[in-house]
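Please go over the structures that come below.
The following pair of complexes shares a single chain, chain A, combined with chain B in the former and chain C in the latter.
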Partner chain A sequence: MVKEIERAGIPVVHVCTVTPISMTVGANRIVPAVAIPHPLGNPSLSAAEEKQLRRKILTTALGALSTEVDGQTIFEVK
Partner chain B sequence: MKLEVGYIQIRDISLADESRIDDGVLYINTKELEELALEDEHLEAVSFDVARPGESIRITPVKDVIEPRAKVEGPGDVFPGVVTKMSTVGSGKTHVLRGAAVVTVGKIVGFQEGIIDMTGLGAEYTPFSATNNLVVNFTPKEGLTAHEYEAAIRKAGLKIAYAVGKLGVSHKPDEIKVYEFPSIIEATKLYPDLPRVGYVLMLQSQGLLHDTYVYGVDMKQSLTTMLSPTEIMDGAILSGNCVSACDKNTTYHHQNNPVIEDLFEEHGKTLNFVALIITNENVYLADKIRSSDWTAKLVNYLDLDGVIISQEGFGNPDTDLIMNCKKIEETGTHTVIITDEYAGRDGTSQSLADADPSADALVTAGNANQVVTLPKLDRVIGTLDYTDKIAGGYAGSLADDGTITVEIQAITGSTNELGFSRLSAR
Partner chain C sequence: MSKFRVVHYINQFYAGIGGEEFADHKPEVREGVVGPGMALAGAFGDKAEIISTVVCGDSFFNENVAEAKKTILDMVKKANPDIFIAGPAFNAGRYGVACGTICEAVKEELNIPVITGMFEENPGTDMFKDKMYIVATKPSAAGMRDAIPVIAALALKLAGKEKIGASVEEGYLPNNTRVNFFEKERGSRRAVDMLIKKMAGKPFVTEYPMPDFDRVEPNPAVNDFKSITVALVTSGGIVPKGNPDHIESSSASKYGEYDITGVNDLTAETYETAHGGYDPVYANADADRVLPVDVMRDFEREGIIGKLHNKFYTTVGNGTSTKSSKQFAAEYAQKLKNDNVQAVILTST
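Moving on to the complex of A and B:
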């Protein structure tokens, strides 16, 4: 899906846990997610902490979307 | 470690008033086993059936398959840290009821449990159509969580297999095999000219009912470590795994790991089998990186010449497999990987989710997406209520005429990645 949408000219950020698979399939902008059963959250955190974590992943993804890349790039969540 | 395994051939199972083995027939008093199973307050009821090779019987949804075994001489006894007291096993003497298996079924735990057909096309895809099966059907108490229910039937199945296995302790085995696993230093002195070969056994540990237990420890909480292969024969590794039926390792598979059997067979002839490394398949990327780093480190410390790696399951564990392969190859050690494929129903899709050029020697156990139509059988042990929902099935799998059209993914052990299967290529 990542590749087909990009082929249509729209940049894509792939947020995923297993970034090596994302590299193998050829995504250009990759943001690491938390874990396979809960990619965009962490049930072991408090609700407030989890909200902050989600916001960080989202802002990293939005930042990646507006960043020029020369090749496959992983944007770490800070 | 040295383990003597005595095989007592079982040619039939019969339900009877007294539990015993007589002339190759395993007689079972189900009342005793029922009491044993119902010691667990999570279980409401349990019933027993026998399914023999060739009978028109379908068993589903299958949870685990266990070979009845018990130790004749210790230390310890089978399934240590879970059914028996914690003790290092893998030496002394163990008796096996060969040709018999305990198969646990019941209301589904996860949506990934399998089918065993005792006859017809389905029987050709599962090794457990060739065993005499004591099928244990569990009914849980109302209100249990999936995890409580899974743990209860896992343990009850093991307790039953151990109780049945103990019936063979006083019997003279039909065949005896001796497995000896010396220290790496001794082994290297013994066969200095043969290549030192290790085996990396990957264990499913994704959580959410995809788990494996080693001496009672949940493998996702363990770092990569080492065992003697004889410990596995004594039930040190147990399945708590509801992943797709075709390529999950049941407890029976662990007890009879064919990679280990074949490495022992070649030991001292073409190779020197010196190490068994067990590692996990977790759901955090950092865990995958850490565990595969550790695997490669151990291979490097042990100065191995070659390594066989077997995977369990599919999908994201393909990354664990490729990481193990790539990092071990980087230490200068050759690898062969054993996996299976999800190449689509026509077999033309990419087989694995991950890949690397260093994975240049691979054994496949088959394409799990291959579709088969299983005939209607006379009797069902368990229930067909979930046939459309198990992995490999779909809405409409169970037709009005009683046939079931499914991917072989739904058949227990069909593409087993230890190679404990019947598929081959022309």
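Moving on to the complex of A and C:
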């Protein structure tokens, strides 16, 4: 799906936990997520902390979209 | 001759521990045969014996690769087998990646021959097919009966350090290594047979498949989010509560398009996941964990992005064929374009 969106001319970032799969399917901008059943959350945190974590991942995702890439790139969440 | 010693690797599901809710199961070793090992043992007869079975949850393996690898390598080292067999994983993505990863480690670090089995579209196939023998299987466990004899036969050859034939002879997925063998029919005859089949509209198998280099060049970066519309897309199966379009929990035949105008937060009362390939508890309690509408709304309110697109696109990425996924995305990508969406965040579980 990532590739078809990219092919349509829309920049796309793939937020996913198992990044090697994303590399294999051919995503160009990749942001690692937290865990398979909750990629953008962590139920062991408080609601506020969890939302903060989600914000951090999405900020990284926007950062990835605003970065020129020359091939497949993984953007670690800082 | 003494029997070959075999260690078999399987996931929590095939060990009978349970489904997704047990995917965090830590590696454990059990004596003898477990689950599909029974069929393998039957195929081996008196030529080989499964001395132990390593069981590990798929999520645990993929989320803790280093730890899982180390623990399992220790277990395998202790058992000191002649051959290590993983799976078969069919079209289960995380299981396939786990099988490939652990096989590669056993082969490289313990110098023990390895073999696994997968469906050709399993992501583990592309990652590992040139590093080990991967027997081609059907997409689901219904193909177990066909897969087991092929895996067992090739495993015995590997354990006995016999010469391995070409992929078409042995049943493994082509691994970019050329093996010479004599065809029964000469080339001209095979070519004419193929041509006749093609002209008659019948299926035929090429002897020289074109490589699949399907890569898409990255689009230019987004300069300014403040003035554009960003859309959310997911393969994590998030749908309005009740799954109104009945998107299948696996092998999805469709995608959903849902309006989120005025929705600021996904709650347990309003949204859920239709995905049958991961533990749904966390996504059902708060679907923002998969489709982060809440934070995107914050970004919108704070002016970090111009607008969150009022529709999201979703499907279940669980055993769903590459062909279907491609078709879904090609279709909704055009819709996104027509709606002037200029960036997409796609989340996967």
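Assume the second predicted complex is superposed on the first by the 78 of 78 C-alpha atoms of A that agree within 3 Å, B and C clash if a C-alpha of one lies under 4 Å from a C-alpha of the other, contacts with A are read in each partner's own complex, and residues count from 1 in each chain.
The definition used in the following text is that a residue touches a chain if its C-beta (ideal position, glycine included) is under 8 Å from a C-beta of that chain, and two chains touch if they have at least 3 such contacts.
Keep in mind that this is a model prediction, so the values were computed, not measured.
Novice: According to the stated criteria, A:28 is in contact with first (chain B), second (chain C), both, or neither; which is it?
Specialist: second
Novice: Pick one for A:40: touches chain B only (first), chain C only (second), both, or neither.
Specialist: Only chain C is touched by A:40; chain B is not.
Novice: So in the superposed three-chain picture, is A:19 touching just chain B, just chain C, both, or none of them (first/second/both/neither)?
Specialist: The first partner, chain B, only.
Novice: Does chain B (first) or chain C (second) touch A:11, or do both, or does neither?
Specialist: Once the two structures are laid over each other on A, A:11 reaches chain C alone.
Novice: See if chain A has more residues touched by chain B or by chain C, and give me that chain.
Specialist: Of chain B and chain C, the partner in contact with more residues of chain A is C.
Novice: Touching chain B and also chain C: which chain A residues?
Specialist: Residues common to the chain A contacts of chain C and of chain B are 17-18, 20-21, 24, 35-37, listed in rising order.
Novice: Provide the residue numbers of chain A that touch chain B in the complex, in ascending order.
Specialist: Touching chain B from chain A are residues 17-21, 24, 32, 34-37.
Novice: Can you list the chain B residues touching chain A in their complex?
Specialist: 206-208, 283-285, 288, 316, 318-319, 322-323, 353-355
Novice: Which residues of chain A touch chain C once you look at their complex with the stated criterion?
Specialist: 1-18, 20-22, 24-26, 28-29, 33, 35-41, 43, 50-51, 54-55, 57-58, 61-62, 65-71
Novice: So in the complex, the part of chain C that touches chain A is made up of which residues?
Specialist: Going by the criterion above, the answer is residues 20, 23, 59, 62-63, 93-94, 97, 123, 126-127, 214-223, 225, 233, 235-236, 278-283, 285-286, 288-290, 292, 294-296, 298-299, 304-305, 315, 317, 325-326, 328-330, 333-334, 336-337, 341-349.
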